[in-house]
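Read from first to last, the chains carry the letters A, B, C and D; within each, the first residue is number 1.
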């Protein structure tokens, strides 16, 4: 019995747990939380064993497939890429589920919560191990549906229901693009086969797709007078799907609002499931991007821009979860940027990007769970009302510090000392440097390095505002129960050491994704199809470049320290002299407001952050809302045509017949 | 004589209808539930027979080539019979306290016979007769609650527009007959060159499109549909959207694709225009509806636009996709309307004189009050929006990809954009059901309604998860159209 | 040709008479009838009770039901006409008889239903 | 000599009268009369084509349509009657609860 034979259980067990918890959860301990935990734990063990197997023998990836209908199949493909993802998703999800026993303790709707998160995890695992893109899309939509249910979990809050709808519909925009990509891909492949598909060949399998890249690359379509390769269209439509799910600009608008759900759900969405699906999709179909002209460059630019843009947004948020949300968007931007670097470094890009994805999952889950712990303790999400929690919650503060250091990327270059974020983020930044060096296009690198500075500032701003200074809240904070702190500690350990242990072997392992017994591709050939010049060997970067990310991170820490801990500029005194009552009531609150408005806005915010924020709120939101409003009012106008008087309906029929006869006549004339 | 046995399903239904009608005279109102069971039994027998004929892949023509049996006819008969089964099961509850139960079931069965005759017809005469039989029976069914002015208004509009359209249809047919000298469909196809370049031919085709377009509810012949679907009893709306509309498609397939294939260049363009207008108007207007039934009606208009794409693309895959879509839509829409009927029942339990039972406010917190119905309705709505693992996704996928394959990318893009819009109004109902608080208590669904709804749910999911046999039969049916 | 026209002469005469006749009778009435004038002259009924309501009365609803039933059965009989034409010419009399019997049976069902539903009762 | 085209023109005129009436009249019964006009126009077509092409099919079709027209009238009248019983008139342009 091979462990691979149990692969189908990985998504199946959490799915079964969903059913059981939904129906019997009420009668069980803690809303039946143990069932999903057991199921996901089992999935994790299977995934881990499979990963170890593949690690030992990367040539023997697991591929199983059964006929579904027509020329489609259902199947499982676990190669290095999928194996790593599966392990990460099940592991992080497991920890979050354990934590949720404590976090959701007082919620009456626990069974529903655990059922839905279990299904959410199952769907994400399904996305990861699909061997064909259609099946992947099905699970992809299921992920979206679950996120809808979970973000709107506290539906008594109107804002939660609205956020759920926004998330669902915004990601749907991406999904529609994804579906369009699949349909075009299918039609093109069908054409490549001249409509005669041999028995047992399933067009939408990844292996089959990659085998016919040459045929696809030969197909061109004319759009607005430009010759565009079918492959580019398909790749960019897939990327559209990724933009929606992974919260890239301009479809990132749903992510910050998705904070309306329970914090554990946010952790699940931001760390393990959902948002990583988009990055995974691009990594999974990377050969198509590599052989599509211009596609990777667009990916790189969009990723870089998102990383910087979201980081500026993170600076001005006062809601602790919103800061983290923008941080996620920014870090996802890094991952996408990393993938885009494949234009120069080839498959190494996947390794770098996925490595950051895994590490990010650890420390972002940790950040969210810590934030959840804080919120659980003092009952607010507003950082202006926090402060001084260091003493009350030492474990949370400690783990949060670890996570912040990891996010900011602290470490010593040239050694194996450093947080996981240091190794993975700096790897992306270095790749961006290589990209700049060889293509003389420095914009991605500049984006990346600026975003790193801002990342460090906003995350320590969060840390100092939350844990240091005086308490600004009457609630008596207390450390969370051990069911919550143990997952924190586990994640903290991973955030600290995982990066150091595994960088080089990880990248090599990832490269085997497209070189094994199922999928074996000639990467250089694909890159020539896409007009990319690959640089497979790039030497050690200059010392300054190696140190720059760390210098930037330390600089960010210092700026935050000075502004938020030492408060070198204390504006509150100016205010208090004018209005003592105000000082009494809103001392700290006001200080921060003034600080933001007077000082920071003059330097950074007004120029970048606020205009970005403004742009985001006014422009993007207006466009998204505006399209909705225009269609709505069009609907409102057009429904009035339906007068309700039957004679008018007859008139419409007659008019229709008349117009059709004229149209028909015209067609006859033309033909 | 052997041929007659191939029409056994129709004969069984006819006998059942007569038996129900007469038996109803001698039963007391409280015993009339039995009539529902008789009808259901008759329909199940008819389904079994139709299926056995279909699986044997029988092809035959009878009555001097006015009726044919082939995969196409059998597939459509199964669509009609399945919807009839759902509707009649649900109606066991709906008409349980009515003294005219026998009329209801007899009319339902007659309507189905009419639709089955259309799907088997090979001659304009039989086609028109079947069309009208189904039409007449449904006019009466829509107006079944004859004390309710809304129902009567729905019935009146349906009747007037229906009668006008059948006049158009007949007028068009008379021209086709006059030009080609025959009413036999293959005969017309053989003589269709006589219609080309003839002004009367143009008028005839447009009138035929108008006549069928009314049943298919293509814009601008759709105006009756929202009013009628909204006003009619929900189970009858299920019948109209699930079966009666599909009869328009099979009739149009037969007359326009088979008989008038020689003029395909012209009517393909016309259908392209109609399809785009229909799906866009349907989806956009559906956005701002507060009555769920009316929203479903507009969604049904939009879906007719998608299905009409099959006329434009006209490849075997596209037609198979269209037929598969027809099959899936029958279950999705019928199921959705039955779910709305259950909600209506729930509201009426709470307040006997409640009006507008299908108003969206009544769906608040449905997941608390009737979890099964809420879940089923959610699945139906998601299926209508084309979310994967449901019937709606598979059929949309086949239809849209065949459109792109045929090079009509612009049409596919419009359709995909439209299906993106459609999610907005479906999501709204789901939001009301799952994310809105309610004061009402929990209510158990009446068994007949629940059975019908769950059957539809199973069908939607089965087609979505294991579409292989359905696609196979849809392609078999499509092959009949394009010989 | 002349023969055909000849055979229509009686018809022509009747037509002429029919056209002239009303005028003649109206003229005779006009000459013969006595005349009086007064307010009561314009009443609907010169003697008896005063009329109430409008002169245009509506038919009882039952009248429509009767008329509808009549039309339906009346038209159904129409189908026996082609049947009887075919009956003589072909050698399938047995089959045709069975077919017509089925047709009439179905009609009978309708009739029984109408009867039992008291559709034929004038006063309910 | 009266040719086929005369019948066709006649039927087209009758059909149009019916359509015009449907769009302009309000009384339900009149609307139904207009519908009958339209159906009868089609019947004229059928019979005319049948007679001029010496093919009996058209007349058979016409026979069926006559029966159908009667049934249609019956159902239409029933609906109008039911409306009349509730509203006391059948001015169809005033019946527009269901709209938009």
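As a convention for this text, contacts are C-beta pairs under 8 Å (C-beta built on N, C-alpha and C of every residue); 3 or more make two chains touch, one makes a residue touch a chain.
Every value quoted in this text rests on a predicted model; they were computed, and no experiment measured them.
Chain closest to the overall centre, judged by the mean of its C-alpha atoms against the mean of all protein C-alpha atoms: B. Separating the CA-averaged centres of chain A and chain D is a span of 64 Å.
Each chain gets a centre from the mean of its Cα atoms; for chain A and chain C, those two points are 81 Å apart.
Averaged C-alpha coordinates give centres for chain A and chain B that are 42 Å from one another.
For chain A, residues that reach two or more other chains under the stated contact definition are 639, 642, 644, 646, 650. Residue positions 156-157, 160, 164, 168, 226-227 of chain B are each in touch with at least two other chains. In terms of which chains touch, the assembly is arranged in some other way, matching none of the line, ring, star or all-to-all patterns.
Listed by label, the pairs of touching chains are A-B, A-D, B-C, B-D, C-D.
By the touch criterion stated above, chain D contacts chain C in their complex at residues 60, 63, 66-67, 70-71, 73-74, 77-78, 81, 85.
Those residues of chain D that touch chain B in the shared complex are 8, 11, 15, 18-19, 22, 28, 31-32, 35, 38-39, 41-42, 45-46, 48-49, 53, 55, 57-58, 60-61, 64-65, 68, 71-72, 75-76, 78-80, 82-83, 86-87, 92, 95-99. Residues 61, 64, 68, 71-72, 74-76, 78-79, 81-82 of chain C are the ones that touch chain D when the two sit in their complex.
Residues 156-157, 160-161, 164-165, 168, 197, 202-203, 205-207, 209-210, 213-214, 219-221, 223-224, 226-227, 265-266, 269-270, 273, 281, 284-289, 382, 387-389, 393-394, 397-398, 400-402, 404-405, 409, 412-413, 416-417, 419-421, 423-424, 427, 431, 434-437, 466-468, 471 of chain B touch chain A in their complex. Those residues of chain C lying in contact with chain B across their complex are 106, 109, 112-113, 116-117.
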